[in-house]
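Take a look at this one; I'll ask things after.
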């Protein structure tokens, strides 16, 4: 009744609709971003008990990934090195650095160093390192340029979408098996004009058929 | 591989006060137990690390597990930690399991095993294939025994009069005993131990007896699984025991012997029996089993001719069979022959059959039968030429001076026992009732009890010292298998609660200061290996192989002594004729609980009895005839559209009348279950239930039958039944016993009948195609599909006349399975193996009664008697219970349909196919509509109605008011390769996809290393499903059907291979090989068709099409066969 | 409604000749009531003082509804195990109740849409309440499929929402079809109901304003969208209404067809039946009219609406009940025939077992209530006896619940492998949860009759004799 | 003169009166005018000379969109974006896509119809000069009105008023804007 509703009320419904549309859009976008691994994980860079710099160890000293993560190409699980491994060098180098106290303590007593866990897949998803690094998937594909990180941070979302993207098109992301542990190496497909063909040949010859059905990762 | 990181750290409080399951390093230093790990890693070098070096090495080892974190770090997610080894352990690669050889001791034999460990945590046991007679099989109990290791209710601390004592105090107590009795040469000291086959224990006991010659060493086992030595002594004049070679036996007579399940060596027997029974092609021979039994055992269920007879009448039967096989002895045997209601023709034809296969026939008698029967059976075996062929005799190592529990009881009564050491066992629960053991034990001044659980025996006397006994997976030890081969018992983990082994106790009392159980074993083994063998090499080899080569005693030649047997038989005794008022009572070891030792094992409690299908309970089993006489036969309904149930079900729960059983004035009460196939007036009373002092699982499950059992009638007695008028609910997992004339299990006789009907295997090996809807319907795969090879079919999925086409299955493998119904003995080992492998929870009796058991594989048991009524509305035939049933067993699990009906109906794509033909189940996608379970024609999908893993089974209905979480100890039992499912999701058999995936990955890694990266096909035999691996009869074959030479392809190529419910066109990847029966046409109880086939014909073949030629003709036309 | 004859007049001549038979010549609004009388009568219900009985009923209904709330809360926090489900019966009361409520809802749409298309003007006095019933029934129905899932917090997986798991729905699943069908049905029913309410809300808006109740006037006005009775609006409005009626008709048929697909598409004997769609739709109409009678007869008595819901209306509904009940009975028979004729032993057993097996009691309750009960409606004396009609309508409701129970539970309980045969019995939780949905329904319905016009005033006015611009002499005037 | 009124309104007591009056207004050539009725009066559209509503076209467009949306969505999700083998059925088939597409057709039609109806009617419009008329309440109840708007080219306050009175309109009143 027009005695109840002012004239301005006539534009209100339209405005409300506009607001609702905008609000719904923002809410959707917010949820899609903030509730996905892209937000919840990427960038996670916790403070570790020992300020270990991958950049220093890889770029300056030239260690191979497998020096420490020695079982990455044998086991599903990429092991974190024991303190013993650290002490191979650090019994000599910086032997008394206070920063290395937890490592020395661990090596001495056998108590583990409580490294904060960064890269993880959910409980029900099974990821196997050996299956990937032996067949041309470089560390860098999932972990980012760890070789340049002073503090390791979670650089890829590691969501199912992320995994599936590569499983659908492995040729675009594979490296020469020799380059798997060289995080600066280019992907096969990026190597010049013949690159993609080499990659496709690799996929064909090695019978690289990453599973896209549930059983590949969920057991 | 990753799950191990998810064990949350024990809170600080827990670490300080609660049991520390994973020892800290300090403790590690001071305990010798963790060396187990060492030996496994460096079998060769173990020796050099003895003593200080070894300790030093141990010192630097850190627990490999990682701890989950506490608290939240910001809003992202909980902060968790990765805890690496402090020092690397050589050979241990986190994420890869290792397997070590060990063995599970069972009374006087043992089951050699391989234990799969994940960073020092055993999670799964498999049979050790190095032990040839078992061929890598493990029994139901062996599969389940790993759960006992992680039993939260096991004894967790040494106690004295209920108060915790330290290990040092225990040592002190033992040392005191040793010192106190040194002077008296052991007078006043008594031991009561379990039977054991361990050479080390034998050696230690000898040393003990040498030091304390006046002490009493008694051994007691409530149930017997080996033939009495007295029989061999009488028959052969030697202490020998029979070792059977069932594989060589073409004709077998079992006299009340359940050699496939409860007798010693059952795994070897089952494997041998299956070899003689497996028929892959027409020319393969098939053995024939005659079973004479009072109960219905798994062995009886496999019988081609089955005779129901009271156990008390077995002597008479044996005498008649002996007379029939050895005419010369007739006169001497006549006095022992009584009228027991068995037709002479039956015995004569049976005997003729045995004699016709001289040298390839075998007669076995049940261990519980008196020595007289065994002696006669030895005679028969001699007569039919079995000795030296199908049965051999090996000498028994007798320990002189071993006393019995009765003698010990007398000694206690006489007041001559001051200190009693009870090693294992549970006499207060299972000693013969007439001994009044609990009271006796109370009268002994000092009792030291070595027990795994705090049980009735611990509770029986006040001041008892309870020493925690180590689980065999925590112990060093040894044992002999059924043929005498020595096998190691090797620890997989440091004793979780500081348990000790019997050997350590005995050694300590003998006076050894620091008994080291590894050293004790090493000494024995080195001694056994004979001169010239170096200790370290022997041990290394021994531990690596899991068997000590050539340690089995050689069979000895035996000579049958008629006189000895005549003496043993003595004067003939009259036989009792049983009736409803005076029934024969048989006390039998339960299929799962054994004598009660597994009472707190949830997997076993929940596993249904293979015959009765009752879980969580035992019941007094009575025959349908006796039930009628007792007036408890279920009434059924006026229109019986299906066969009448064998029990009354109210709201789907079996409601059993509770009876009082009186044996010699002693009374027990228990629910009565009607069991077809029993001797009319024999009641079967399974032991092992009704535990009053045990853990939460076993307490008050079932009723205790021991109080009715006296030392003069341990196995067979007579008694009376009276109805108490009350009822008890039983958790029966299979309500209906009849196949209803359906084509589910397709059976045929091996040999043609006298008047050939085209239905026998020899006449038509593809007989399965003449049964079922698909036998007279157009082919589901169409003419195009019929022309394809199985490999093409697996990939292309021809759709026949369907408008739809299936996307191609383009995986490198196509997985499939074949189950041979002809050899499956229904032992349930697969059920529990699957449970252990796949983290399948138990749900408790209440939930099983509702029908919510979670087993991914189950054994369906059907009876048939050929009496079913063909008409739709039923008839008189439907109203009777079978007295002489034929039993058909069928392992049923997800059959991985290519055109899976469950997948179609899932709204969220939680269950879809992978490209290798597996019907996958993504738990994390599942929202739990349960539509898939409804649409599964095989009903093999299981739903998590509650959070079985996180809640206590008695608090399921309390919701959030109940505790949440899994005990640490229980978590350790979980397989890290398999998701633990939460409530609200569906689950089912995955073909052990974790094994498949890991094998594929390992193969790829290996091939890449070897420079053959394109070889991605896993060789046949690499992957074994858990059920397949443990199956003692090799009934299950799994593998790649894309490879025409794989075992599974060959199994599927058998002409009798068929798909259950094939007409539904769901194309199961698991197919079944039809069951064959091999009755003797000359026998008076010969039936030309298996009962199930008769019932099928009655239900499905119109009377005009007599003799069922119609479906046969159709099938023939379709397949173009025969 | 008015539009129907208008458009018929515009249509080609042949169409006007093939008008569906308009058999009834009975009076739709009796005693020649004026427009104002209708307005006063219907608005009076809303504007009057809240009667005591309403409060009593409302509190009672809230109490009963709390059973559902409590039952569902307990279910969600504890697990589906609190219900009686188990292998092999994985669906039971939950889906029975779902199909039952959805079926009831169908009568509402049928009355408002199909009868509208068929120009059965007698629908006008009952269609508003019937549509409300539809919506409330769908609300009650939706509770079950939503909460019967094991992990209700993941129920959003049912909708194609893009997310980081990149996995989509299975559009082959009848359950997924159900998701779309039921949510569409709910939405369209609400829209249809709302569009019918607009003119009446405008009336209430104005009346409350005049009565000085600005708040209620504002609320009604908000939803009346500024309706002013403009004939230019009426023209579009009527077209929209007709279209909604037009799409609601195939919708209502498709919804129950799809619900029946839940069973028909499966392969369980007793479910796998091609006659399910028509049979379910007939059953839905049958149960729906049963429910309409059960609800409207007491309402008519309490509010004295005898002039609006006339004996003629009751008569019509009884006849529809009779017709659909007979169809349902025929379907029961045909199922047995097909099971026999198909010669599939599994199928055959499923039906024999239904009638004579462990659940025979449920089957015979179903037959008694669904096949025998409606046969009484052959007799005019019965149709004229309101009390008897009401009692019989309750039998119909009970019978249709048992029909779903028989189909779902007996088929699952004994399917292919006898080894997995079982027996289902409900737990106290699901009994109370179901019982509580009647409370939920009543709460909503009581709120509806208290705050919204229970009859469409505009439509009622349009069928009165005065509404005829050509000066007809009564309802039978023209058409 | 004061503000130009919105228009004039005339009251009619019965439907036939309104009907005949409407015919005359129509014949008088007015374009911006309207009848206010408590219920849809049979034949009044014709009497007012209204064209057939365009709502059905909007509905049709909605329906087609719905069907295409359904089919495309099912095809894209099942056969293009993430093909999975489900029950051995094809990745896409119009058979199983039909039920959902059908429901979406109906859903989109319903939304299009309602939104179309509101848009075509210019609703919601809570404030309107007609609604300010004191007696308009009865227009929802039992009385009929004709409103002729001032913006009509033929509108002339006096003449229009006179015409309305002539054709039987009672209480002819000016409406405030």
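Some observations on this one:
The letters A, B, C and D name the chains in turn, as written, and every chain counts its residues from 1.
We take it that contacts are C-beta pairs under 8 Å (C-beta built on N, C-alpha and C of every residue); 3 or more make two chains touch, one makes a residue touch a chain.
Being a predicted model, the structure only gives us computed values, none of them experimental.
C-beta contact counts were set side by side for A-C and B-C; B-C has more. The distance from the centre of chain A to the centre of chain C, each centre being the mean of the chain's C-alpha atoms, comes to 54 Å. Taking each chain's centre as the average of its CA atoms, chain B and chain C sit 56 Å apart. Here the spacing of chain B and chain D, counted between their Cα centres, is 78 Å. Mean C-alpha position of chain A lies 46 Å from that of chain B. Taken residue by residue, chain C touches two or more other chains at 165-170, 172, 174, 176, 206, 209, 221, 225-226, whereas all remaining positions touch fewer.
In chain B, the residues that touch at least two other chains are 901, 903-906, 909, 912-915, 925. Annotation for chain A: residues 1, 3-5, 10, 13, 164, 213 touch two or more other chains. Interchain contacts join each chain to each other chain, per the touch definition above.
Taken together, the chain C residues at the contact with chain A in this complex read 162-167, 205-206, 209, 214, 217-218, 221, 225-226.
Residues of chain B touching chain A in their complex: 1-3, 5-6, 25, 59-62, 66-67, 69, 73, 76-77, 79-88, 93-96, 810-812, 912-916, 918, 920-925, 977-979, 990, 993-994, 996-998, 1001-1002, 1004-1005, 1008-1009, 1013-1014, 1016. Chain A meets chain C in the complex at residues 1, 3-5, 10, 13, 32, 36-38, 157, 159-162, 164.
Touching chain C in their complex are the following residues of chain B: 637, 639, 641-642, 649, 651-652, 734-742, 744, 773, 847, 850-853, 858, 860-862, 872-874, 890, 892, 901, 903-909, 912, 925-931, 933-935, 937-939, 941-947, 956-960, 982-986, 1061, 1064, 1066, 1099-1100. Taken in their complex, chain A has these residues touching chain D: 1-10, 12-13, 164, 212-213.
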